[in-house]
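Chains here go by letter, A, B and C, matching the order in which they are written, and residues are numbered from 1 within each.
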Amino acid sequence: MTKRPLNLDPDRFFPPEDRVRTIARELYATVSDLPIISPHGHTDPAWFASNAPFSDAASLLVVPDHYVLRMLYSQGVRLEDLCVPRRDGTTSTDTRAAWRLFAKHFHLFRGTPTRAWFDHVFSEVFGFDYQLDAGTADAYYDTITEALATPAYRPRAILDRFKVEFLATTEGALDPLDHHGTLNADGWGDRIVTTFRPDDVLDPARVGLAERLDRLAVLTGERTDTWEGYLRALRVRRAFFKVMGAKATDHGHPTARTANLSVTECRALFDRVRLPSPSPEDCELFRAQMLTEMAGMSLDDGLVMQLHPGSFRNHNPALFAQFGTDKGADIPVATNYVDALKPLLDKHGNNADLTLIVFTLDETTYARELAPLTGHYPCLRLGPPWWFHDSPEGMMRFRQQVTETAGFYNTAGFNDDTRALLSIPARHDLARRMDCRYLAGLVAEGRLDADEAFDLAFELTDRLVRDAYKLDSRPTGMD
Amino acid sequence: MTKRPLNLDPDRFFPPEDRVRTIARELYATVSDLPIISPHGHTDPAWFASNAPFSDAASLLVVPDHYVLRMLYSQGVRLEDLCVPRRDGTTSTDTRAAWRLFAKHFHLFRGTPTRAWFDHVFSEVFGFDYQLDAGTADAYYDTITEALATPAYRPRAILDRFKVEFLATTEGALDPLDHHGTLNADGWGDRIVTTFRPDDVLDPARVGLAERLDRLAVLTGERTDTWEGYLRALRVRRAFFKVMGAKATDHGHPTARTANLSVTECRALFDRVRLPSPSPEDCELFRAQMLTEMAGMSLDDGLVMQLHPGSFRNHNPALFAQFGTDKGADIPVATNYVDALKPLLDKHGNNADLTLIVFTLDETTYARELAPLTGHYPCLRLGPPWWFHDSPEGMMRFRQQVTETAGFYNTAGFNDDTRALLSIPARHDLARRMDCRYLAGLVAEGRLDADEAFDLAFELTDRLVRDAYKLDSRPTGMD
Amino acid sequence: MTKRPLNLDPDRFFPPEDRVRTIARELYATVSDLPIISPHGHTDPAWFASNAPFSDAASLLVVPDHYVLRMLYSQGVRLEDLCVPRRDGTTSTDTRAAWRLFAKHFHLFRGTPTRAWFDHVFSEVFGFDYQLDAGTADAYYDTITEALATPAYRPRAILDRFKVEFLATTEGALDPLDHHGTLNADGWGDRIVTTFRPDDVLDPARVGLAERLDRLAVLTGERTDTWEGYLRALRVRRAFFKVMGAKATDHGHPTARTANLSVTECRALFDRVRLPSPSPEDCELFRAQMLTEMAGMSLDDGLVMQLHPGSFRNHNPALFAQFGTDKGADIPVATNYVDALKPLLDKHGNNADLTLIVFTLDETTYARELAPLTGHYPCLRLGPPWWFHDSPEGMMRFRQQVTETAGFYNTAGFNDDTRALLSIPARHDLARRMDCRYLAGLVAEGRLDADEAFDLAFELTDRLVRDAYKLDSRPTGMD
C-alpha cells in the first residue's frame, strides 16, 4: 500500500471563486498568527500543573475525544477496543491496537471537522507528510508517541508553541483547584484559569445532591441546609474560584428555563429538592431559579455567565452503564429561549453590567430567537457555534443566520470548547478562516467595505473575546 | 478624522461569480426602475394628508425605527438619549445629540440590512458621498435637516420621487380614517389606501376590550354586546374601510391558531371574553375563531386577508412600561401552521375566491409547513420574508426553501412592511436584487431558461403583487 | 406561437464557478451511467407483472403524480378536470383535455424539481426538442401516447432501458403479492421485489382494524385476537414477504414515537385498541410499541427497517372525501426523534445487526437530532432527503447539515421513492449530480482529497445503498 500524501491546502476552507478567495486570503493573513485566546474549554489542568509528558498517541488523541468515539461506535467499533476505561475499572491497555483501529476507520471522518482537525495536528504539530490509514498506523503511532516523550511536547511547551495566551479550564464547584494552585504558584495563573461550573451543586436531578451539599458546607463553612445558607455557600465558592483566577461561570442545564420565585417559594422548593427522589418538575424549577440567582451573583462579583443548554446527556443507557459520561452519546434537543429566559431577563436583562453568554445546539433558534434576543437585551451576548456546529458549515450558518439581526458586536468571538489539547490551534484556525470567508463574501457583494472587514477580522478573533469575557489586559504569561 | 467614502456598489448583493453576476445584472436592469407597489406597510397617513415637512434627521430616521433602537439598546445606549418619547410624556428634545449617538454607534450595523438601507438613503436620497460616523454626524444632521425643510422632501413629493405607485398603510378598526378622507378628497385615495387591522377589537387579551367594543358600537350603530351584533359591527366597519380604499385586512395574532366553533359555542365564548380577566385559553380560542370569521367576511367583501403570527410582543416589561410598544423588544417564537390553520382551511381552504396571505417569523416552517400548505390550498399565498428576515440572507433562504415546493406563483411578491418612509426604495431595491440573484443562479445552473427568468423578474416585482392583493388596474394617481 | 427549444444543459445542477464545476463534471462522469438501484419506491407491480402498455400521456404522467396535482390544485385547477378518479367511481375520461390543462399550467413548475424531472423525461425518454406549453400540448400528447403503445415503452422494456438493476415496490401486509408471484415465475423476482408495509394492520386509528385483523388471521392461520397470536401472525406475514423477495419493511407512522411496554401492558393495550373508537393516545402508544416489536422481528429475520414519520396525511378533508389519498394534501409536521426513538434504541440501539433507516420531512432535525443519533447508534442509518426535500436545494441542505456530524458512511444513498416510473432516471441523475456537486465543493475548498471524492461518488451511488439494504450480490436479472 503506497502512502497517500498529506498536504494542507493553504487556501483550505476559503471559497473557490477567485474574487472572494483573494479577499479572504488577505483578511486571514492579518489574523492567522494572532495569539490564541481560549475562554472556554475542557482541557485537564493537571496536565499543565504537573507538566508531565503524555504517554502515547492513542491515550492523548483517541481515548478522550468523544467526536472520535461516537463515529467509530456508530460503525460497530467497540469502545473497549479503543482503550476507553470501563466504570468497573477494567481497561484495555493495548493502545497500539486502539490506534490501529482508529487508523483503519479514519475514512469515516471524511467531510467532518474531526478529519480537518486531525490532519492539521498531524501536519502542523507532528510534521507528517503522508496520510493516516491502516498502512501507516504504526508509523504514526511510533512517531507521535516518541515525540510526546520529548520536552517540546510537554503540556506547557505545547501552549507556548501554540501561542495560547489565555486558556480557561472548567471545574465543578467542589473541586479543590489544586492544579490551579500549582499553576498560580508557578506564575502561570494569569494564563490558565479555572471556570466555575456548579451544575453538580445546582441540579437535584443528579444523584447524590445531599452528600455534595454537605461537602459544600465543609468547604465554605456555611450551612447548606437552608436556602440562605446555601446561597451564601455558593457566593463563598464563587469568590474562591475568582481568587484562583476564574473569569466566568458555566451552566450546562438541560434547558434554558429560568425562574424568579419569591424567597418563600425558594425556601420551600429548596427543602423539597433535598428530599430523596425530587420530582422532575421540581428539579427543573430549581435549576431555573438557580440560573437567576447566578445572574444576580454575577452582578455582584463580575463573573461572566455562560449558559449551554439543550443537550440530552447520556442518551444511551447501556453505554453509560459501562463507560460513563462523555462518550459521544449526548444528543441535542429542540431548545426554547424566548419563554425560558424571560424570568431572568425580566429581573436582570436591562443591566449592562451583567454579561450572559448564551449558546445553543438548536440552530433553528439562531435567527428566530437568539439573534433577536441578543440584538435587544444589553446583558446578552451570543456564544459561537457549539459542539456539533463547530465546523465549516456550522460556522457559516451561524454568521448567515445571526449577523443580519444581532450584528457582529453582540457575538462573543470563538470558543474551542475542547478537551483535545493538540486540536486547539486547528480549531481556532478553522474559525478564523471561516470568519474571513464570511467577511470576504460581504465585501465581494458590496455589503461591507474592505477596511471594515479588516477591522472585523481582528475584532472577531481578539477584541470581542476580551470584551465578552472581561479580559481587560494582556496577561503576564505571554510577555 | 478623514471622511470615509460612501459609494454604493452598482452590483451590490449580486453574487461574485462572473457568470451569475452577469445574468443577475441583466435581469435587474429590467426591473430596477419599475414603480413601487407597497401593499403592506406602516407609514403614517398623517404625513401624506398634511404633507407637512419632516422636522429633522433624528426624528425621521432614528426615533421611529425599531431596528435602530434595538441594536443601540443592546449595546447599552439609553432610549431616552435617542429622543424616544416616554409614556409619561417626557421626551428629550435634543435631536442633534440623538443623531450623534446614532452616528457614533453606526458601526454596530455592519453586516445588517439596516446598514444597507441607510447607506442607500444617505447616498440616493440625500446625495452623501462620505460615510456616517462620529466625525461626520453634524454634517449629516445639518444636511438632512435642511433638506427636509424643502418642498422636494415633503411627504407627497417623496412618494413621487420614489415612484411609489401604490402604498397601503395600516389602521385599527376604530380609527376614523380622517387622514385617508383627506387623501381621498385630494385625489390621492387610489394611491394611498388604508388596511383594516382589527386586532384591537378581536383580542380580549388586550386591556380595555369592553370600552373598545362600546366605541365600535357607536361607530357602527350596531349592538356589540351580542355575538351577532358584534359580527354585524365588524362587517359595517370592514365596509367603511373598503369604501375608504382598503384592499386588505391584517391580523397580528400571537399564533396562527384558528377555530370553527358552533354559533352556540361562539355566543358563550363571546360572553366569557367580555368579562373582566378572561382566561388566556379563552382569549386564544376567541382570536382563533375570529380568524375564521374574518375569512368568511373576506369571501363576502373581497378584502384580501393577511396573517402575521408568531411575535412575542413587548418581551421586555421594564422597557414597555417606560416607552411602550414597537421599541425593538418583540421576539419571534416557534410557530405552527399545519394544525393551527386547519379549522379555517377545513371551512374555506378550497375556495379560490379567498386570498389568505400567510407570513412567518419562524423560518423552519418555510419548507416544512408553509410551502406545502400554499402549494396545495387554493386560498393560500405565501407572504415575503418578514421583519427580521427582510434581508439578503433571509430572502435567499426564503427562495431556496420555498420555491421547490410552492413554486413562484404561490408567493405574493414583496412587502416593505416599514414605517421608515425614506427606506422604501432601498428595501424594494434589495428585494429586486435578491430575486434577480436567485433567478440568475437558476439560469446559470441550467434550472431555468433565461426567457423565463426575465418573465419571473417582472412577475415577482409587479404582477404577483397585483394578483395577490387584487390590485386590478393602474391607479389614477400615477397617470 | 413559436416552439420554445428544450435542451437539457449537460452541466445542469453543477455550480457555476469553473473550478468546482470542472471537478463536479469529472466526478459525475464516473457515476452517470451506473445502474440504478431503487430500494424504496411506489411503482405498481401490476405494470411489470402484466407488462401491458400504458394507455396515454395523461394517465401515466399526470393522474398518479401528486406533485403535479398539488401544484395545479393550488392554482385553482379542479382535480376532476385532470381525470383524477373520484371515490364514487366517476371519472372524466378526456385525458387529452387533462393533458392540455397540465400543459397550459406547466409554467407553475418553474424552479421546482417537477419541472426538472419532466424536462428530463420529455427530452431523454421521448426525444422532444421543444418545450411543453399550451401550444405544444397536442403534439406532446400524441407523440407520448403513440410511443407508449410500442414495445419499447412496455414496463419491462423501460426498466431495461433505464438500467434499473433493482426496484423495490411497497405493499400492505394483507396484499396477496400476486404480481410479485408472476414476476418470480417470469424470472424477474430478484430484480423487482416487494417491501413489507404493515401500517394497515399496526395502526388502530385507521378505520376497520378488526376486519383487517380477521383477514390477517385467515392469511396466516394464526389467531389475531390475542397479543401473542397477533405477533405470530405478523412474523408469518413477514416470512411470506421475505420469501417473495422483500429486503425491507417500511413504516409510515405519524410520529417517530416508540415504546417498550411489558407484555402485560401490551396485552391490555392490544385489547383496548381493538375496541371501537380507541383513544388517540392508545393508538399512538400501540403504533409506538409496534415499531419496537418490528425492530425485534427485524433482528430475527434480517429485514431492514425503514421509518418515514412526520406527514399529516389527508390534511384537506373535503378533497379526501371526494378523491381519497395521495392527491397532494399531505403536509409535513415538526418531528421529534430524540425522545421518540429512545425506547426502541434503549432496547435494540446498540445492536449492529439491526438496520433502521430513518427519514424525515422536518429538516430542522438533520443537524440537531438525526446526524447526532445516526452518528452514534450502530443500528441507525439516515435515509436520503425525502419527498418535498428530494430536490437540488433539499439535497444540498441534507449534505451540508448532516455530513459534518454523521459523515457519509451513516447515510444510505439515494431513494427515488416514486410512483412516477418514467421519472426514475431523472431523479437518480439529479441525486448523482448533487452529490458530485457537494463533493466537488469539498475538494475545491481543500476539505477532501480528489481521490476520496471519486471513491465517495461511487459509494453514495452504489455501495452505501447495497450496504444499507443488505443487497449483497448482483441480481441475476441484469446479467
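A few comments on the model shown:
As a working rule, a contact is a pair of C-beta atoms (placed from the backbone, for glycine too) under 8 Å apart; a residue touches a chain by one contact, two chains touch by 3 or more.
On a predicted model such as this, the values are computed, not experimentally measured, just so you know.
Fitting chain A to chain C on C-alpha positions gives a rotation angle of 120 degrees, to the nearest 5. Annotation: the chain B:chain C pair of sequence copies touches via predominantly different residues, less than half of the used numbers being shared.
Centre to centre, using the average C-alpha position, chain B and chain C are separated by 40 Å. In chain B, the residues touching two or more other chains are 17, 364.
Residue ranges of chain C in contact with chain B, taken from their complex: 4, 8-9, 11-17, 70-71, 73-76, 107-113, 116, 312, 315-319, 328-334, 361-364, 388-389, 391-394. Only residues 17, 19-20, 336, 338-339, 342, 345-346, 349-350, 352, 364, 367-369, 371-378, 380, 400-401, 403-410, 441-442, 444-449, 451-452, 456 of chain C touch chain A when the two sit together in their complex.
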